[in-house]
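Chain nomenclature is as follows: A, B and C, assigned in order of appearance, with residue numbering initiated at 1 for each chain independently.
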Amino acid sequence: MAEATLRTPPLDRARVLQWLQTYGVYAGVALLLVVNIVITPHFMSAENFRTQAVQVAPVIIVALGMALVIGTEGVDLSVGAVMALAASVTALYLGYGLLPALLVVALFAAGVGLANGALVAFIGVQPIVATLALMVGGRGLALVLLPQLEDLRNPALASLGSGGVAGIPYLILIAAALALLVAFVVRRTTFGRQLLAIGDSRPAAQLAGLPVRRVLIIVYVACALLAAVAGVLATARLQASDPTSLGNLMELSAITAVVVGGTPLTGGRVNIAGTVAGAVLIQLLTATLIKHDLPPSWTQIAQAIVIVCAVYAARGRGKR
Amino acid sequence: MAPPAEVLAVRGLSKTFPGVRALDDVDLTLHPGEVHALIGENGAGKSTLIKLLTGVYRPDAGDITFQGRKVSFATPLEAQKAGISTIYQEVNLIPLLSVARNLFLGREPRNRFGMLDVTRMNREAEEVLGTYGVRVDVRQPLRTLGVGAQQMVALARAVATDARIVVMDEPTSSLEPREVETLFSVIRRLRDAGIAVVYVSHRLDELYAMCSTVTVLRDGRRVHHGPLADLDRLALVSTMLGRDLGDVREEGATKFSGDHQAADTRPVLQAEGLTVPHKLHDVSLSIRPGEVVGLGGLLGSGRTETAKAVSGALARSSGRITVAGVPLRGGSTPAAIRAGISLLPEDRKSEGIVPGLSVRENIALAALPRLSRFGLVSEARVDSIVDTFVERLRIKASSPHQKVGELSGGNQQKVLLARWLAMNPKVLLLDEPTRGIDVGAKAEVQKLVDELAADGLGVLLISSDLEELIEGSDRVVVLKDGAVVGELTGDDVTEDKLMRTIAGGGDPAHDAAKEAATDG
Amino acid sequence: MQRTTSRRPLLARPVVVALAAAVALTATACAKTEDDTADNKQSETAAGAEQKVATPKAGGETCTIDAYGAEKIDLKNATVGFSQSEKEANPFRIAETQSIKDEAKKRGVKLLTANAQSQFSKQISDVQNLLAKGADLLVIAPLNSDGWDPVLQAAAAKKVPIITIDRKINAEPCKDYVSFIASDFVEQGRRAADQMIEATGGKGEVAILLGSAGNNVTTERTKGFKERIAEKAPDLKVVFEQTGDFSREKGQQVTEQLIQSKPGIKGIYAENDEMGLGAVTALKGAGKKAGDVKIVTVDGTRNAVQGVVDGWISGVIESNPRFGPLAFQTLDTFTKGEEVPQDIIIQDGAYNADNAKQDIGKAY
């Protein structure tokens, strides 16, 4: 049936839904920008846009990894825990200098990603269960390593968090570079295409001789590494390592950004531009409500409405 | 001896699904103590009939009279309560509950306080299962039991719920020989207790051992019914396959050109002693370059499993595969593909195409590593491969960027062929390459197979379409119950000989073929 | 569906487990934080930092051991059970548990401790375990106010007196439990307002960084602050109230939005130190100078008091977590048969530019 509607969309409604699925998130961002320019004082300033971009950068970075995982018909709930782990490991090894600390962080994140990937690819645990285990265990480990918030004074780390090039903060540059990199990997590399094929039809990919397990493991490792980057950047910005609260509910923000951006949870498709726009949409929405001092519960309700709209639009397309 | 009154009488049952007349005016009569064989090839209507009887579907037309009353079951549970129980291939009990709980589910013994009487339940469960030859700890979860034992529990449960009719859908497909014996003795007990059994199976030996009567379905219609003893194996097979003996049609109905020039060279594929537990037993076959070898046999005889075992998609417990003289190391699909073995799977939609990707991506999928440098896909090389095959195979798509899921079945099949041809394979395993595609596309695919063999590929052809199998193959290896029972070569490649071999009933040609097979 | 691949669970599982364990072990073995060379700054009780009682016995309801129905014992020979509610991951809980342990050691009392890790069901079973292990007296930092009936019954059956600290339980004092020792969160809010009025001169627009929604600490600290502002400085307007979830990161993010949209903001009241420190980071990032925006926070952690010393924070209202001395003092008095108040409210200190430097040692 889905096939029939795809060939010849008979209803205008179906066409509208399909348009919304593809462009809705950009329209949403544009709408929020226009509304804010009209009603929010001091909105049209470089400073404001910098603030929004800096705040959304870690979410975008995590959402990039999440988009890859969702593209394989999986989900990674452990990203928030990996951020916390990155924060505590950074604090723990900063005595050696920033670069060595970052290497150890990468090792830890790769370890979590490997564990996720191995559970999913070799043991066949459902992604939601496998990563749930690492979500709980990862944050536990982070708190064992660093039981409470610790202030960090490393100048290199501080400049990573608040410095920039030509007035553009490092955070924004790094997020933009990573988004371009991930988009390139998805579109142009063997790995990217194998990932999509596996997400769309795993049995077919297997019979076509694709290295299914290897691709899955790499995807989960990449997702964990991206989450670790976000964790280090957020820590650098805060100039403190706070494993108790850093990355709390980040998995949900990331999934929201991915889904709102038009990547279906059923796998086989990854929309990186949409994911970035999805994260920006949620950030602008939150900022609007905060700037107008509306009750925090409104933010949650507004987010819920956006998600419902995104899911409704996705319904119009279907998977096959 | 006058037959007892019938327990079930089905008259004129019909059921239509969108585009398919699944069941057309079918009658069925069951008497107490009758073991009735229900047979037919894929799509003949067996499962539709069973589902109508057990309340899964509602008939479009026709009546079901059960124990003298017209009935219309709304749900399987209703049918079960009335006395029609079904034992499926996959046991449908609750794996995490204990064996005893499963056995007594919904009618647990209660003590005088209305509480579950666990002690009594376990004791009775042990007694009941003991009579079925199942001796296990009934307090363990059901899933800890073997499949055979689970099936026995399902059966015991069915009998204990006062079933008058028990429907068994391929009950022996995953059983060990010893378990089959136990099952048969249970069926005999059911029969002696006056319960009617509907027995669905493709294993002819079992049918002749257990069943007294038979109904043969083909294309949704009943084509034969009566005592099984009246029909010898050959007649049974030909009825089922829809081929009258001695009425071999003229050649030319398919697009196959006839014999290929199988050069008398070393085989390109040699498989020896392939064994997959419960599925294949010691299957050997070889294919020479330029040769099309057909795999014959009934549904469930192990044709698809053979193809999958060769291509590494099905883990084998023993067996050796050599491709062009080089032994294949490792049992994985990628290893087989690297060696030059390509499989066009039977289930095109779920195991073949990647529906959300474009024609272009689907064709390039397996060959991606060859079309890339340093992990980056060379779009130019992909385009040239795609253009070549779209033209050569005459794939009809609005553009190479159209999603494969939107194409017709025939074009999807061609895309899959293109995917494998892009790998320059040595051996093509084609599992039902023309099923579900329209007549024109079918002829095109058949012609392609011919051309590919002429180019020197070794082809293994699996088809339920006898005509296609006979005319397309230079040689036919016949499987039955997961083992090779014969091989037809040269002038013996005829429908008549094929059916005799499948039936395997005292035909001299059969023994000759068997000898030939062991020689090869 | 047919399973088309073979799996190797037996191999993979131990590998994963072993890997995780190895990583965790090596992680701490060669760690080196920035502060490894500096001396460890955590937590011995600083002199003069123990709690003082704000409401003396005058007039308040009291309780004696006879009224409660337990038997006199000598605290020195008793076993005291302590049930902590949240994991010791923030300075408040760390200092609270440490204070109880230190005081027990000082008095030579046998102490059993348990931590519910923020799970209420675990706290219930924790307390029951403490009773089973032979606790004669209980000190409980409850996670919830409700749902304590099973524990209270078990304690009553064994005639074990209970003191609750920092959060009240909904039950009858001097029957279900003896006393409740805590800070007055509304009063903390009022005193924060006083500091804010002083810092801003009582004029202008201020913002509140709320704690987590639905938390009694949040509601009470907000209530006290707003009451006092309305009463004493009607020209001070609260124009912004957003939650920072008691975390530094959220405090930073919300403050960034705040100073974008309301550049004229004069003061920020943060309902805990962490959010206040987040606000400081945000102000620094926006190129503000210390004192441009007045910040008042509640809790009294060392980092926040250091902020006062540095001039970024105008005032910190203390919420003293060192319950040990007062709790054991109360138990001692009670078990001797003398009367103790049912509600014991702590007198919290405060830090501002005048005393921060000399009193930073009292901060936790």
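Keep in mind that, in the parts below, a residue touches a chain if its C-beta (ideal position, glycine included) is under 8 Å from a C-beta of that chain, and two chains touch if they have at least 3 such contacts.
All of these numbers come straight from a predicted model, not from anything done at the bench.
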{"item": "Interface ranked first by C-beta contact pairs", "value": "A-C"}
{"item": "Far-end chain from chain C, centres as C-alpha averages", "value": "B"}
{"item": "Core chain by centroid distance, with centroids computed from Cα atoms only", "value": "A"}
{"item": "Interchain centroid distance [CA atoms averaged], chain A/chain B, Å", "value": "45"}
{"item": "Distance from the mean Cα position of chain C to that of chain A, given in whole angstrom", "value": "33"}
{"item": "Centre distance in Å when chain B and chain C are each reduced to the mean of their C-alpha atoms", "value": "68"}
{"item": "Chain B residues counted as touching two or more neighbouring chains", "value": "313, 333, 350"}
{"item": "Shared interface positions of chain C, touching two or more other chains", "value": "1, 4-5"}
{"item": "Multi-chain contact residues (two or more partners), chain A", "value": "203, 206-207"}
{"item": "Complex contact set, residues of chain B against chain A", "value": "311, 313, 333-334, 336-338, 343, 345, 350-357, 361, 364-366, 368-369, 372, 375-377, 403, 405-406, 419"}
{"item": "Partner chain A, residues of chain C touching it in the complex", "value": "1, 4-5, 7-9, 12-13, 15-16, 19-20, 23-24, 27-28, 31-36, 87-91, 94, 210, 213, 239-243, 245-250, 252-254, 256-258, 260-261, 263, 274, 277-278, 281, 284-286, 303"}
{"item": "Residue numbers on chain A that touch chain B, as the complex places them", "value": "3, 6-7, 188-191, 193-194, 196-197, 200-201, 203-211, 268-269, 319-320"}
{"item": "Sites on chain A touched by chain C in the complex", "value": "40-43, 45, 47-48, 51, 54-55, 89, 91-96, 104, 107-108, 111, 114-115, 118-119, 122-124, 137, 141, 143-145, 147-154, 162, 203, 206-207, 234, 237-240, 242, 244-246, 248, 287, 290-293, 296-297"}
